[in-house]
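Everything below concerns the one structure shown next.
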Amino acid sequence: MTHRPEQPYEIISDIGVEKGAEKLTPERIREVIRRYLEEEGGARLRVYADTCVHCGLCSDACHFFLSNDREPRFSPAGKVKQALLPILRKKGDVSADFIKRATEIAFTECNLCRRCVMYCPFGIDVAYLMLFVRRLSHKLGVVPQYIQDTAHSHAATMNQMWVREDEWIDTLHWQEEEAREEIPNLRIPLEKEGAEIFYSVIGPEPKFRAQLIYQAAVIMNVAGQDWTMPATPGWDNSDMCMYTGDEEMVARLKKKHFETAMRLKTKRIVMGECGHAFRSVHDVGNRFLGWKMAPVPVTHAIEFYSELFQSRKLRVKRKYDIPVTLHDPCNVVRGGGLHELARYVIHETCSRFVEMHPNREHNYCCGAGGGVINCGPPYTHKRVVGSRVKAEQLAEAAAKGARVVIAPCHNCHGGLEDIIKHYGLDLEVKFLGDIVYASIDKEG
Amino acid sequence: MHAVFNFVRGPMAGIAFAVFIIGCLYQMASMWRLARKKDAVVFHYFSLFYALRSIIHWMVPFAALNMRRHPVMTGVTFVFHLCLFAVPFFLSSHAILFKESWDVSWAWLPDGIADIMTLAVMGACLFFLGRRIFLREVRYLTTVSDVLILFCVALPFFSGFWAGQQWPGFPVMTLVHMISGEILLMLIPFTRLRHMLFFPVIRGYMGSEFGAVRRARDW
Amino acid sequence: MKKFKILPYAALFSVFLLAGTMAAFAQENIEIVHDAAFENQTRPPVAFAHDAHNEKAGIDDCGECHHAYADGEKQMGDDSVGMECSQCHYGKPGQGVADLIRAYHLQCAGCHGERKAGPVLCGECHRRR
Amino acid sequence: MATSGDMSHWDWNIGKKVIADLHQWRKSFEWLEEPYVSPDGETIAAVVRTKDGMFSVCVNGDLWETRSDKIWSLRFSPDNRPAAFVSNQGLWTIAVGGRPWLNTYEFVWDLHFGEGGGPVIVAAVNKGRYVAVSDGVPWSQGYSFMTGLVVSDDGGHSAAVVQSAAFNPGDIFAFQKGCYTVAVDGRPWDRSFVNVWEMSFNPDGTRLAAEVRTTLYDYTIAVDGRPWDRSFSSVWQPKFNPADGSVTAPVKVKGGWTLARDGEVFWDQRFCQLLHHYHSPDGSAVAAIVAPEFARWSVAVNGLLWPKTFNHLITDLTFSPDGKHVACAARKDGRWTIAVDGLCWDLAFDMAWTPVFSPDSCHVAAKVEKAGRFFILVDGRPLKLEFAGAWNPVFSPDGCKLMIRGIGGSEKELSYCRYVFDMSGLPV
């Protein structure tokens, strides 16, 4: 085997990783890793790690690999080889420098998008393995600063953005007031016990994108929905702790969220357009708490909009006539099968739709998901470089005439906006809700 | 010669089969026990329908997108695995050995076809070796054991073919064939070759998760 | 474990023995093992020098190879010279030839293996040209 | 559950009272929010918008005198006073019985009541300083951050998680040193923690226990600021045993969840999950919502499992006054029902509310909903009443009568009515 020297990688300076690793000793690394291998390293870890035959067929699944000129260390199995296998082989006898590198790989070179699961002949879940590495990084206290700060926000405020209790309610009041200019009798019902729908959003909505709450309120009111939002913590369905490996916090956050919906005796949770939050409430957080499925049924916005159109509760007044394309977010498509419903809603609301290729379950990741964008500015460059194939895919859709890319996920929004800016594409990113809001008949 | 032959034909064959079967059962059982203990959730999400849906999609050549993206690899892989299973069981000599030992018999392949299939296995091994050498992403992942395993797989076919052709030194090659075949059998449960055991397990589990929980396809 | 001792290549040898001791041709030196039941031969036929073999193997009693069984018991002093092996060793439907091959192999190679003498590997008897 | 001490003075005469015609309300106001009903059932109130575009509260048909730019969180106190947050010119306060407090704040929220006529407590913020305010009196000390306000049963004490040390945005290492503590009646504990979450007062409000995290990984319970010696991989809300004052909490140890008491593991059993636990009023028994295995839910009373399990969830666990019975709402195969002492009522609904025990612990009543219609169940049987809206049934102090509050009743019209039935004369 003649190994061509691999491209050198640049170590990105991140205070969370650097300072965290300074505190490590070989003994501590070994002790922590062995403990969690013993306690949590189960059959999945063993079977996934042992079964991989190193065929490399997963490589083509990964946008990092494809975008970095097929650089082998970016292939899914290549990341497992670098970040996890030495830990297993040496039973935790690895250096602090190794942990730093493994942390960077697991946190910033894998979006946990699970595309590779569909390319591996065995269906080995590389996202699971990367999450296991993140779990160890968390337990070792070596986590990129920005996402760790977000996890701290979750812990202190039960939301992702350090939004205080009063700020949350005040924002809802403010959006309600704004929306009343348009729909005079619009209401955002707070704490309405027994409402049919508990509407939940992610922290960045009240913080940065309050107009989404406005639009959701308009849609709810126009469609005559019996809904409510809580005036207590528990309103945020997002979950960066899921991506830092702090599973105890995941359970705590989801418990708060689900129990807030239960306290209000609502029948289901309808959530805004977020992907990772959907993953968190649909098939992660509930499991940490012992619930097989979400204890309160969860409906993603895509599904909810399609329901409202199907039941004719929403009617289109004028179709959106700028050509649109659709980015299928991993967590609601590979993770929720909502791709056809999204197309249905687009079909109802838009006059011109351009498919991106690949699409549906095979769509390329936005590069931002899995907490990668949440690791913050130190990794932005690497992230957009690692999304070159996404840029090419977007450019192709743009060449076919698309001017707007619909991304029904917050992280995808951030990721796509960065890509569009970096690669100078002529596209605007919108939520499905933006389109629905713009096209429906608000007179009811 | 006769002593070696008798041992290889007799006790060692028995040991090889026993190690293979018990080893596989042990691996499956220990995986099962570990899953029960630490991954109990996986059992709750297992869905026979979606497990089979996924397994079948990945057993049919070119049914998965990634197979279509790599047609040569897919073709070679399917031929390789097919021959790898078919030749040991359906080669006339082997079938007769089973018949002699356990008095069970089944249809066997014409020797000419079996020869071609044997060559196919060896060719596939060469192809895989080539991938490991020439494809960067595969070379990066390749370990010494990956190459050794490839060698271990190729050897019984190579020696068996040699013996079958009665090329010079074939009696020794016959013994090499028998011994390497038995070693290969014993290696299956304890090396990466056990991927044959875990393929349906992982695929079935991921198929269940993708189908029943995530309502998506995984091929 | 005894069952494992038999190699297919032992087929050769048993073919020698059986064929060689067939009563009708007892005095001739049979050169090729023949049985009418073998229609399509998968492997090359097995050459067998009847008298030379028996001399070398020290076999005097025809019944040793041309055995005769009654009620599952080998009949000492009796033999089956003159019969084709397939008259007995052509058993279950669909498995006839396999049964016959098995009988030949057990007879020839089985003995070789036990005595640690004579060919046991496939190619040692089923010689290609 | 806060209860009024004065229930015996309520009108327990058998019969039906029509309190308000909501149909009429609907005609009078272009804006009518969902109504709330007083514990004694005599009053119904809703936020309304008046013709001048201002907001007010309609109480049994009469409007509050004050008009506001905005009103929210209308609730009744245990002694039957309607209260709500009201705002004028961007300043907020709370109006109780229609009378706003004199102090105003930039914002007020999180409404709490003390039992039976006790104080009204809210969270409030002014100029970035957060306080709790009890009957208009704020804590003497404000904080830069406050969350999770709790009050003692009688409303005499309040506590909240507050920030005890400042840290810059993104300073994850300062955060991990511990910047949060609990302020009880405005005074902070002298020890800080990485995080503090759910808290519980003891029955007389003199002690407080809280879930804390001392590092990112070590969870334990702190009682009056002192953490337990032992830490766990996770914990849930602690509770005081009303009899002996010991503190219990669900904790996660190797092998699963169990119950701990005063820092030591208390139950032998290990569960996949132990979400909530409750002490009986006399402190003799403790019950918990547990998952004996993944995706199966049940109730453990003193560590002993109900044989029945539910595959979705169990909520609203409640002890009978004598501590001998436990009831809960449970969901199985997507439908709700009520379970008492491990036995399931053989009825399925779209939603079920906290079951209510009679004072003598002999009867259980519950409010349920199916297809948008509300029903009252008593001891497993539905009453022959159907409502468009209803509130939890209330037993008389002697347990002989049952009060039902509902909108619509058997009639088509939208009247809010209050019924009192003799337990022997229930409309079944």
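As written, the chain order gives the labels A, B, C and D, with residue 1 at the start of each chain.
Simple rule for what comes next: a residue touches a chain if its C-beta (ideal position, glycine included) is under 8 Å from a C-beta of that chain, and two chains touch if they have at least 3 such contacts.
In this text the structure is predicted, and so the values were computed from the model without any measurement.
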Q: Determine which two chains are connected by the greatest number of contacting C-beta pairs.
A: A-B
Q) What whole-Å value do you get for the distance between chain A and chain C if each is reduced to the mean of its CA atoms? A) 74
**Q.** Interchain centroid distance [CA atoms averaged], chain A/chain D, Å
**A.** 33
Q: Take the average of all CA coordinates in chain C, do the same for chain D, and state the distance between these two points in whole angstrom.
A: 92
Q: List the centre-to-centre spacing of chain B and chain D in whole Å, with centres computed as mean CA coordinates.
A: 61
Q | Residues of chain C touching at least two other chains | A | none
(Q) Quick check: what residues of chain A touch more than one other chain, meaning two or more? (A) 39, 287, 292
(Q) Give the residues of chain B touching no fewer than two other chains, as numbers and ranges. (A) 41, 44
Q) Between which chains does touch occur? A) A-B, A-D, B-C, B-D
Q.
Under the definition above, what is the set of chain D residues touching chain B in their complex?
A. 272, 293-295
Q. Can you name the residues of chain B that touch chain D in the complex?
A. 40-41, 44
Q | Contact footprint of chain B on chain A as seen in their complex | A | 1, 3-4, 6, 39-44, 46-48, 50-57, 59-61, 65, 70, 72-73, 75, 77-78, 81, 117-119, 121-125, 282-283, 287, 292-293, 333-339, 361-362
Q) Taking the complex as given, what residues does chain C use to touch chain B? A) 1, 3-8, 11, 42-43, 95, 98-99, 101-102, 105-106, 112-113, 116-117, 120-124, 127-128
Q.
Please output the residues of chain B touching chain C within their complex, sorted ascending.
A. 2-3, 5-6, 9-11, 13-14, 92-93, 95-97, 99-103, 105, 108, 110-111, 163-166, 170-171, 174-175
